[in-house]
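As structure tokens, here come the structures.
Next come two complexes, and both contain chain A; in the first it sits with chain B, in the second with chain C.
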Partner chain A sequence: MTKGIELIKRLSLAFGPSGWEDDVRAVIREEIGKAADSITEDRVGNLIVRVKGRGLDYNASKPARMMIAAHMDEVGFMVKDVTDEGYLKFSPIGGMDPRVLCGRHVMIHTDKGTEVPAMIATKAIHLQSAEDRAKATPTKKMYFDIGARTKEEGFKAVSVGDCGVFDSDFMTFGKDGAFLKGKALDDRLGCAALIEAIRDLHDSPCDLPFDVYFCFTCNEEIGISGAGVAAFTVEPDMALLVEACAVNDLPGVPGASRVASLGGGCVLTLVDSTALYDQSLTAFLRHTAEDQGVRYQIKQGTGDVTDGGFIQRSMAGVKTALLSVPVRYTHSAASVARYADYESARDLLIAALRNWKA
Partner chain B sequence: MLNLMKTLVSVRSISGFEKAVSDKLMMTMAPLCDKVYNDALGSLICVKNGTAPDGERKKIMLVAHMDEIGFMVTMVEDNGFIRVQPIGGINFTAAAYTAVTFGNGTRGILIPELGTAPNDINASKVYIDIGAKDKKEAEKKVKIGDQCALDGQLIRLCGKKIAGRPLDDRIGCAVLVDIAEKLKDTPCKDDVYFVFSTQEEVGMRGARTAAFGIMPDLGIAYDVTGTGDALGAGPMVCSVGGGAAIKLKDSSLICDRDFADELAQIAKANDIKYQFEILLAGGTDTAAMQMTGAGIKVAALSIPTRYIHSGTELLDLADAEACADLTVAWLNK
Partner chain C sequence: MTLNELIVKLCGMMTVSGNERHATRELEALIGPTFDEMKVDAVGNHLFLKKSSRKNAPKILIDCHLDEIGMMVSGYEDGGFLRVVNVGGVDTRILPAGEVVIYGKETLYGVVATSPTYLLPPDDTEKLKKITELLIDTGYSKEELQELAPLGTPVGFKPVYGKLMNGRIYGKAFDDKACGACAVWGIDAVPRSELAGDVYFLFSTFEETGMLGGRTGGFGVRPDYALCMDVTHAAIPDTPDLTLSPMGSGISITTGVICNRRLTRMSMDLCRNGKIPFIPEAATGSTGTNTNVLNNCAEGIPTTLWSLPIKSMHSAAEVLALEDAKALAAGVSAFIRSKEIAEVFGK
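Then we have the complex of A and B:
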């Protein structure tokens, strides 16, 4: 595995449902090491990493500020009760299709510090009625099986409020291992791109006309946007969000509904449900990609909820753009991406910082 | 006001792409104000300084949005037809079989797929036909991310009534210009911030950041409002020609009642025709301003309009003039 894939693997396997991002923060701190000028954590748990600017265009007394953000949190589950028979009732954290849950493994991290494996129980096909087969079981009617036989035994292992995430291996597959499969690619791919950019700026320093604040943010998946809080902390002049873009490049899907395609390069978004992105920043990214020979595609859809709007409309407004890595089956245990698309997003991020002109 | 409206509806200004209208308004407003600038989201902010000494002047924010609803290109089909997504609340049934214009001047018509029942017409069931013979020819004119809108138009009807599009909210912009012209030689004592906001149609975005940047003491928003006077309209007392509509409530906020009552009293004292308005559905920039910072006392003066967000909206210029007159009377109280 290349170093980039090793980094993505480590981030993908880290435990971090919204609000419980401690493990991810620890991994990121370790991976950055001494490559940044400062690393701080704000009151809601965003990790803010500063790389100072320098050079002729850098105003040392009142530096301009650039915010680069990716979210650390992933979708997950919270235990809400144990039944008399020892099964756990749970609530989803973030939006998931109930059809991707049945039969999956989950790892619960308890407040006692233990890890409890759980299976999402499902009725075997032999036992399903015709009606059962015709419709998806809603999450409310699902439960975790942790091998407990009574309510008491269940409560010995877990408490109400304990959280879990998909227990899913990370692997590469396809020709030359070009594809990646794992949980939480949304948005650990973004986190990896930020970390690699920080290392790159450290290993071969360049004149940056601004201080760059790399923000690893929390609580994106439940819509309360740690990134919005980080924007008020950083007070950036401009912002670039690095995300995973859910794509639909599947058989039988007509062109206009595919959103973007794996293998097409990183994705530039003009509009989503939260924001109409800044045209001059987006145009700068396009030109940079063309100059540097980085593959990119323009997102076809206008849906999707991201942190973009929260950052853009913080304070008196922040010019914001959105760069993302296309991902299939996002918010499931087996999200799929292409490493080359990740590389193009990372390379464009680094090239944009190194050649800033907007 | 009629001539200004003709100019304003002639330029496309879809949410997020408001520069053309912003430039026109900047040219009009610059000679009337002390300072004009665009903020990070593109809102045009024009400041007219007051006459009171420093430290005794309030900041008054008057806001109207300069964006309009439209479409963004998501894909060009192999046969040259263009697929789009809506920007803002589009009534696809009303927009069907109508001419559209793209940013670069390319013309087209918005067509529902044949056989689609009128109630089933939505974004995925329509396409734009620009007359291209295939994808290659179409892509010479239009690419993904380009935006277009129904053509702007304006006709005069009985009395001072006009119809066309987009009256929402170019009429609010025209009211602000009218107020600025009236204050040109006789400024009021407070600082007046004329804000032409962006991205209202996608969720009152520009007004929110503009208000944060200004942190006004008081704010008034100017926008169109629905009426109860069309055939089949909902139960609403507001009517076209009934005067400036002082908003009490819409889906996005409850206005400050003292402020609304104060405006009504000033209208009465100055013989300006007014009515109260409770909008049944829809929000305005008023709410974005109200919830900025630690909260701002706000009112809204609406221009009663029939057939909002269709291809042809109708209003009475006399109502818009009443909004401007009432504002000037309030500023000079």
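Then we have the complex of A and C:
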């Protein structure tokens, strides 16, 4: 595995449902090490990493500020109750598709610090009705099996409010191992790109006309954006969000409904459900990609929810653009991305910072 | 090796119905040493024999099925996607975003594709697709797939095993190789001198697709009596109106129309005397197991059905209780030791 893939693997395996991003934060701190000028954690749990600018275009008395954001949190589950038979009732954290839950492995991290493996139990096919087979079971009817036989046993192992995430290994697959499979690629791919950019700026410093604030943010998946708080703290002049873009590039899906394609490079978004992105910033990214030979695609379609709008409407408004990595089957135990698409997002991020003209 | 490890090793093998020979070498290496002979017959049954030291010993058949449900490649789509059909009754509810292994010329990995809900029409967001409508994402081109995974290539669930509380373990294909593991464990524990008869362990084929191997394998051995072992459904909260036994009750012994009544009663006595936990189960018609075909095989084989209760049968995440598996293995040892049963049913 290359260094980049190793980094993504470590981030993918970290435990971090919205509100419980501690492990991810620890991994990010460790991976950045001494490559940044400062690392601070704000009051809601955002990790803010500053890389200072320098050179002729840098106004040292009142430096311009660039915010680069990626969210640390992933979708997950929260324990709500234990039934008399020892099964756990749960609620999803974030937008969970009930179609991808039956039979999945889950790891619950308890408040006590223990890890409790669970299965999302499914009624065997022999016992399913025609309706069971045609329609996904709603999450409120699902339950975790942790092996407990009674309510008491269940509550000995877990407490109401304990959280879990998909228990899924990380691997490369497909021709030449070009594809990545794992949980939480949304948005640990973005986190990885930010970390690699920080390292790159540290390893071969350049004149940056602004201070860069790399923000690893909380609570994106539940729509209560930590990135908005980070933007308020940083007060950026402009912002670039690095995200995972949920795509539908499957056979039989017509052009525009595919959103974007794996293998097409990083994705530039003009508009989504939260924001119309800044045209000049997006154009700059586009030109940079063309100049540097970085593969990119323009997102087709306007759906998807991101932190973009929260940053854009922070304070008196922030020029914001969205750069993303196309990912299939987001919010499942087996998200799939192509490493080359990640590389193009990372490379464009670095190239944009190094070649800033605005 | 522990029984848990044997279960995981056996169940982790790919034996989708029709591909049982895929596992022959692994099987021989793993369980061959427990037996004196092994042979693979015309339909892929794997028959193992452990001889007793008695003269004119009766023939005892222990049947577990080797095959598991799965899929096979039925087509190719642009962008590196496979189409599949089911082999046996696959639980399609667990497939979206599920992980599979494609056993072609090379072993490939795949994810069952799904579309983001926000891109689906509102009516489709809860709809589950038929297996023939699903796509498997492989990371290869259509042309490469046609070469690497020809039509008919078996596709199985990715084997992932783990532990829950109270000795529960999860994974694929406990149906029925977990019973096979219990049989081997139970047979291995009994010295030749203590066997009441020659023990024929039949790892039969095609159970999931119509019980072919049990029928032909039973005929090939023509045993004096048989113990058929398969999985049964353990009670879960979704099944309050079904009379299913809770997991952890021990061996589920079936009193059924097509199970030999005397052998069933003697089996229960065996468990009572040996303090082996069991729970009776009732079946009025088909048992859904090879008992159906063994009972009527040749001139008829007195057969008793013992089951291992599992949850989420035919999924990649079946769950069993090790205490039940241990009871089953102990029951097998008692069954092949039993002189009483051999006297009644032996020649």
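Annotations for the structure displayed:
Keep in mind that, in the parts below, the second predicted complex is superposed on the first by the 358 of 358 C-alpha atoms of A that agree within 3 Å, B and C clash if a C-alpha of one lies under 4 Å from a C-alpha of the other, contacts with A are read in each partner's own complex, and residues count from 1 in each chain.
The rule is simple: a contact is a pair of C-beta atoms (placed from the backbone, for glycine too) under 8 Å apart; a residue touches a chain by one contact, two chains touch by 3 or more.
Bear in mind the structure is a predicted one, so any value in this text is a computation, not a measurement.
Overlay on chain A: chain B and chain C fit together in the combined arrangement. Taking chain B and chain C in turn and counting the residues of chain A each one touches, the greater count comes from C. By the touch criterion stated above, A:301 is placed in contact with chain B and with chain C alike. By the touch criterion defined above, A:125 lies against chain C but remains apart from chain B after alignment on the C-alpha atoms of chain A. In the superposed model, A:309 lies in contact with chain B only, and not with chain C. In the overlay built on the shared chain, the residue A:181 is in contact with chain C alone; chain B does not reach it. Of the two partner chains placed by superposition, A:224 touches none, neither chain B nor chain C.
Legend: residue contacts after superposition of the two complexes on their common chain; A:319 is shown touching chain B, with no touch to chain C.
In the superposed model, the vertex angle chain B-chain A-chain C (Cα centres) comes to 130 degrees (nearest 10).
Contacts of A:97 after superposition on the shared chain: chain C is touched, whereas chain B is not. Of the two partner chains placed by the overlay, only chain C lies in contact with A:330; chain B stays clear of it. The superposed three-chain arrangement places the nearest Cα atoms of chain B and chain C 10 Å from each other.
Of the residues of chain A, those at positions 257, 301 touch chain B in one of the two structures and chain C in the other. Taken together, the chain A residues at the contact with chain C in this complex read 83, 85, 87, 95, 97-100, 102-105, 116-128, 132-138, 143, 145-149, 153, 157, 167, 169, 171, 173-175, 178-179, 181, 246-253, 257, 259, 301, 303-304, 328-330, 332-334, 336.
Within the complex formed with chain B, the residues of chain A that make contact are 255-257, 270-271, 275-279, 298, 300-302, 309, 312-313, 315-319. Against chain A, in their complex, chain C makes its touches with residues 77-81, 89-94, 96-99, 108-111, 113-119, 125-128, 135, 137-141, 144, 160, 162-168, 170, 233, 236-239, 242, 246, 248, 288, 311-317, 319. Every residue of chain B that touches chain A in the complex is listed here, in rising order: 15-17, 39-41, 43, 72, 74-75, 77, 83, 85-87, 124, 144-145, 199, 202, 205-206, 208-210, 212-213.
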